[in-house]
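For clarity, chains are labelled A, B, C and D in written order, and residue numbers in each chain start from 1.
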Amino acid sequence: MSETRSAEFAAADPRFAQRVRASFDRQGAMRTIGASIAALEPGYCAIALVPRAELSQQHGYVHAGIVAAIIDTAGGYAGLTLFPADSSVLTVEFKLNLLAPARGEQLVAEGFVVKNGRSLTITRGEVHAVDRGRRTLVALMQQTLMTMHGRADAPDA
Amino acid sequence: MSETRSAEFAAADPRFAQRVRASFDRQGAMRTIGASIAALEPGYCAIALVPRAELSQQHGYVHAGIVAAIIDTAGGYAGLTLFPADSSVLTVEFKLNLLAPARGEQLVAEGFVVKNGRSLTITRGEVHAVDRGRRTLVALMQQTLMTMHGRADAPDA
Amino acid sequence: MSETRSAEFAAADPRFAQRVRASFDRQGAMRTIGASIAALEPGYCAIALVPRAELSQQHGYVHAGIVAAIIDTAGGYAGLTLFPADSSVLTVEFKLNLLAPARGEQLVAEGFVVKNGRSLTITRGEVHAVDRGRRTLVALMQQTLMTMHGRADAPDA
Amino acid sequence: MSETRSAEFAAADPRFAQRVRASFDRQGAMRTIGASIAALEPGYCAIALVPRAELSQQHGYVHAGIVAAIIDTAGGYAGLTLFPADSSVLTVEFKLNLLAPARGEQLVAEGFVVKNGRSLTITRGEVHAVDRGRRTLVALMQQTLMTMHGRADAPDA
């Protein structure tokens, strides 16, 4: 019984964290919903979000699409931590299972690189709701990313 | 060569459109991103959204998560048009392929019911970017919904 | 209400049908399960299979994995019809919903190219059970393919 | 950095292993491809398969559909270990990423229950190729199962 853990990854670009944070800061959508980067390591990214009425679906929980937005972002930036300095990241596709209502004090979306290939990178992701010190698994994701070589993820690079 | 078209569906509840619109109006997330219902028929729902900087990813296009939010909503409400009056809809899971940059004058997300079962309903979805009269396919979705019987999708029902 | 049809595609290689059939004939798995190519057009492939006990799951219907095998193949070869002569096809990923028991006189798996990109191609697929002239939708698929340029799909090409 | 491990699960039915093995033995498809149960615990199932030419795709590796067949089965039986004695399991849908050629001395497909709900159960799965003592991750899966209550998974139960 040997579920694969996030492997040990090494960042190709020592300035990976700075590069990911600069890219995140250019995302108007993340600012609009109020998400922030909670953690960043080679092959890993966590995005935090505080639930509020402006992000709700019809029952008052956080909308599945907003959950998708933070886990897609966490997976994408988990990948970007490993990409060369002169490249950017595109989501090819992702699949999301919703397991429990997205509510509580905070949502934490975590993306983990499973395989970092030259053109395609595979991640998986989890979103947990944190409430009174208790974590509940809210969503599970599997994602395919593409590395855009030679196209730095900066407006004026 | 016989790709299945959206079948002809009949709404179980004659007030389906009113019920879907009331549910949509309770979604804070749709209001925050500025989405609206563009069309509603039994087994079908279209959601429209105007791209703007507040919804962008790092390259200035609409964020994949926002694309996910509108197509998840379109698929979910395509399903809800067919559900009994005393029920509501939950997204079990969806899978989204992103095919082209989400930009232009307007995005239109369309959900189509493929099979309406007693507990599970399957939809597929498409997001098109509309620009100067030209439609470009931006995203393709496949989704599983659950009917919550006996739980009307209203706050005080 | 405008679900995208399989677009009109043109084959890059006029000998596409011969190339796909030669590739199919090298698939030991298709021979073992008894599948055959039922139709082939640019951007389209249909695979036929007769249900039998050797392909069953525990309730006697055709195993979901065998359904997956024929629809993955149909999608992959729908893509290969459009690829250059000196390339081959790899499945990056697919997602399959199972809608009804896979049984009857014949299963027909149909793959349709939705977008044919330079490196990635997106297809969707449907499996129908045919019984006494009646078609039942058994499975729905969405798939990502990769074109392997410069690697012809033949052992001695 | 806290990827969710397979939780600790308790089997509702003490005879779960016997029940799963009897169900597996009724699968003609598993016999045809030569798969066997390698391990079984509450919430976990491993299926082993020896690659051979009869299971190949066009390049000689094990066909993606056969990889799908063993991981769908592993996930489904991981779920069934936790289900009540008078129930059976159906695959609602699964999504599979193919990461590396499926070849070597043996393939091992492992299914892990992530959440065991009353009607729906979510699993994830991995397929590894084992060759000369080395394990390579070949495929990654995410799956939704349905519990069929009151319908024991036996022909004469």
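What we mean here is this: contacts are C-beta pairs under 8 Å (C-beta built on N, C-alpha and C of every residue); 3 or more make two chains touch, one makes a residue touch a chain.
Quick caveat: nothing in here was measured; it's all calculated off a predicted structure.
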item	value
Touching both subunit C and subunit D (chains)	A, B
Partner chains that subunit A and subunit B have in common	C, D
Chain pair with the higher count of C-beta pairs in contact (A-D, A-C)	A-D
Computed distance of Cα centres, subunit D from subunit A, in Å	28
Whole-Å gap between the CA centroids of subunit A and subunit C	32
Touching two or more other chains - residues of subunit A	92-93, 95, 97, 144
Interface residues, subunit D side, partner subunit A - complex	1-6, 39, 41, 44, 46, 95, 97, 99-100, 110, 112, 114-115, 117, 122, 124, 126, 137, 140-142, 144
Residue numbers on subunit B that touch subunit A, as the complex places them	23-24, 26-33, 52-59, 62-66, 68-70, 72-73, 88, 90-98, 153
Subunit D contact footprint on subunit B (complex, rising order)	92-93, 95, 119-120, 144, 146
